[in-house]
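Chain naming follows the written order as A, B, C and D, and within any one chain the residues start at number 1.
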Amino acid sequence: MNEHLILIAPRGHADRALSRVRARRVRTKADIKTTLERFQGNALWIAANEAALHLLLSSLTRQAQGDQRLLVLHARRREPSHYLHAFFRHVLFADEGIYLLPFDEMIEAIDSPDRADLFVGASFAGETDSVILYRGDLEPLVVPLTWFRKRPDGPPDPSRLAVADFGQTIRLGKYEAAADAILYDFDSDYRRRAKKRAIETDRSFGGALRRVRLQKGLRRGDFPGVTAKEIARIERGEVKRPHAHTVAAVAERLGVSPEEIADF
Amino acid sequence: MNEHLILIAPRGHADRALSRVRARRVRTKADIKTTLERFQGNALWIAANEAALHLLLSSLTRQAQGDQRLLVLHARRREPSHYLHAFFRHVLFADEGIYLLPFDEMIEAIDSPDRADLFVGASFAGETDSVILYRGDLEPLVVPLTWFRKRPDGPPDPSRLAVADFGQTIRLGKYEAAADAILYDFDSDYRRRAKKRAIETDRSFGGALRRVRLQKGLRRGDFPGVTAKEIARIERGEVKRPHAHTVAAVAERLGVSPEEIADF
Amino acid sequence: MAFALEVPEPWAGRGWKVKIRDRERVEPPHVTILYKTLAWRFGLRSEGFLDKVPEPGNVPIAVLDEIRANLPLLRTEWDRMYPENPV
Amino acid sequence: MAFALEVPEPWAGRGWKVKIRDRERVEPPHVTILYKTLAWRFGLRSEGFLDKVPEPGNVPIAVLDEIRANLPLLRTEWDRMYPENPV
């Protein structure tokens, strides 16, 4: 990922857990002001304790050029969030119905070069029955609750939402979902990277169709206008170039564009 | 400006004031979902009444590709703002210590092709004695309170902050500041455009120095290490190429970079 | 306190204003004519418009006449508000 | 409910986990080995790693042995959780 990590570390408020984080450290008001004025790139700022948040708030007078983001690990005071949003593109706070990774796991996740592929926070949006997940670069990702399918043991429970396994698992009560599976479904860029990592994948159209069909939890018989037999023949590679209207019908049912099928 | 205007206009909740706004209208959940899914560009969404906000909130399940912004003219209910921030890059609401243009003036300002050069909202951030101003494209701009200089009649009063004159004036009690002056000082892109509009400007370095000096409220004698006489000679064009160290000292005092002086 | 020149009717009622605000671009000294989302700067030294845009021809003659008739007053107000850069 | 295989010590205590979660990428059937911010997918059909990255050689042999010793159990659990795509 390309954003720099900036740790707000006021003198006299050292935190041993933070000492190993590979980040640029800013310790004074002057440091913060200089960084905001001179720094042109994208950065993820971390305020890990009350002193750090206080130092930051008293130093914010100038907007930076690049895309700045802020992670506050200390439970927030009642600062109006619109003030922080004037300076930071994304702001993630430790409370307000937002569940963050436990502190030690958070430090590890943020320190990872792959932090954007880990989820460091989550929040349930009851209005539309969806879950907002925050990636390690603080980019939000919205997942409909229905995506978390019921299992024989019982349904996912959004009232017990949590992030676990250093950002690799989303918990809804006893139900667990892999970050990997969420990103694979919702982020085409992640999907491309994940496919590159795979040792052996059936790269045919049929193989991709089988993966996306299973991913979406559909059976071969679930495609109106296309028989289960025909789906099977395509998946086995017996039909190498299915008709455009067949592909369109299949894509429609899968909820993806026809071109997207081969991506899976 | 390049963002599209999208007006959320649920059926049965027409507002005559809005009828003249040149915007794409979305009227149903399906409209909104389609727009979020298909629309790749940047857009400014407007929810002008409670029904529009409600319709929007119940339709937000998918993140759009481009840079989306949201202006809510109806006083907000208590939706957690982080939910809206997951979908919109900038969100501006009608309350929470934020002062918006009166409704009729707001409609005119948003409808203007120059809306990004008008201020549609303002908020006072007491923590750092600064004022957050929101441009018509909802981009925030932070101005230190000290920028609003005391006048013989009395100081600017941030407790009586308001936006007036269709976004062209910021009021702090009886004190008024021109949007034009604020943008000229804080936005180099605006400054370039404003200079192009000018009928006749002294384009010399001396002319620019005089303008920025007066803009910053400084006298010729206010530059340590450079005499008032020397400043006067540079401003009159008698010294065409001042020494680099003179320019550096002058720039330091003006609070701009040496290269920036000629911009003014 | 910002200074506002009284604009003759029917222009005042239609929303035309003439102002010197407490914080303007300083140089050159000017008054600002405001109408809805538009603003024209009118120079107190040059007695002419300072900018090509918006179109100067769209300002009502009566408003301009009022400004010209009150130049001494406007200059005094400017000098009071901007003593560091008088007309 | 997610399934977790009991990992032998000292690896469990160091944070190594083996899981089949309720929502995984479905195809091919696999268990996930988790250690801090890293995850390895191990195929229940191929009995080998599914991805080149992270480096498979970094998974402790004892953890792999435990998985291999419990393949019938893991396959049963997978089939129970993912009946639409059994091993």
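Methods note: a contact is a pair of C-beta atoms (placed from the backbone, for glycine too) under 8 Å apart; a residue touches a chain by one contact, two chains touch by 3 or more.
Just so it is clear, the model here is predicted, and its values are computed rather than measured.
Novice: What is the distance in Å between the mean C-alpha positions of chain B and chain C?
Specialist: 22
Novice: Between chain B and chain D, what distance separates the C-alpha centroids? Give it in angstrom.
Specialist: A distance of 54 Å separates the two centres.
Novice: Taking the mean of the CA coordinates per chain, how far is chain C from chain D in Å?
Specialist: Chain centres of chain C and chain D, defined by C-alpha means, are spaced 76 Å apart.
Novice: Could you check chain C for residues that touch two or more other chains and list them?
Specialist: none
Novice: Hey, what residues on chain A touch two or more of the other chains?
Specialist: none
Novice: Report the topology of the inter-chain touch graph, choosing from line, ring, star, complete and other.
Specialist: Drawn as a graph, the chains make an open path, so a line.
Novice: Would you mind giving me the full set of chain pairs in touch?
Specialist: Per the contact definition above, the touching pairs are A-B, A-D, B-C.
Novice: Mind listing the chain B positions that touch chain A in their complex?
Specialist: Result: residues 57-63, 79-83, 85-87, 89-91, 93, 96-98, 123, 125, 127-128, 130, 132, 140-142, 144 of chain B touch chain A.
Novice: Could you list, by residue number, the parts of chain C that touch chain B in their complex?
Specialist: Against chain B, the touching part of chain C is residues 1-2, 17, 19, 21-27, 32, 34, 36-37, 39, 41, 46, 48-53, 80-81, 84-85.
Novice: Applying the document's contact rule, which stretches of chain B touch chain C when the two form their complex?
Specialist: Going by the criterion above, the answer is residues 108-109, 112, 114, 118, 147-149, 151-154, 156, 165-169, 174-178, 180-182, 184, 194, 197-200, 210-211, 214-215, 217, 219.
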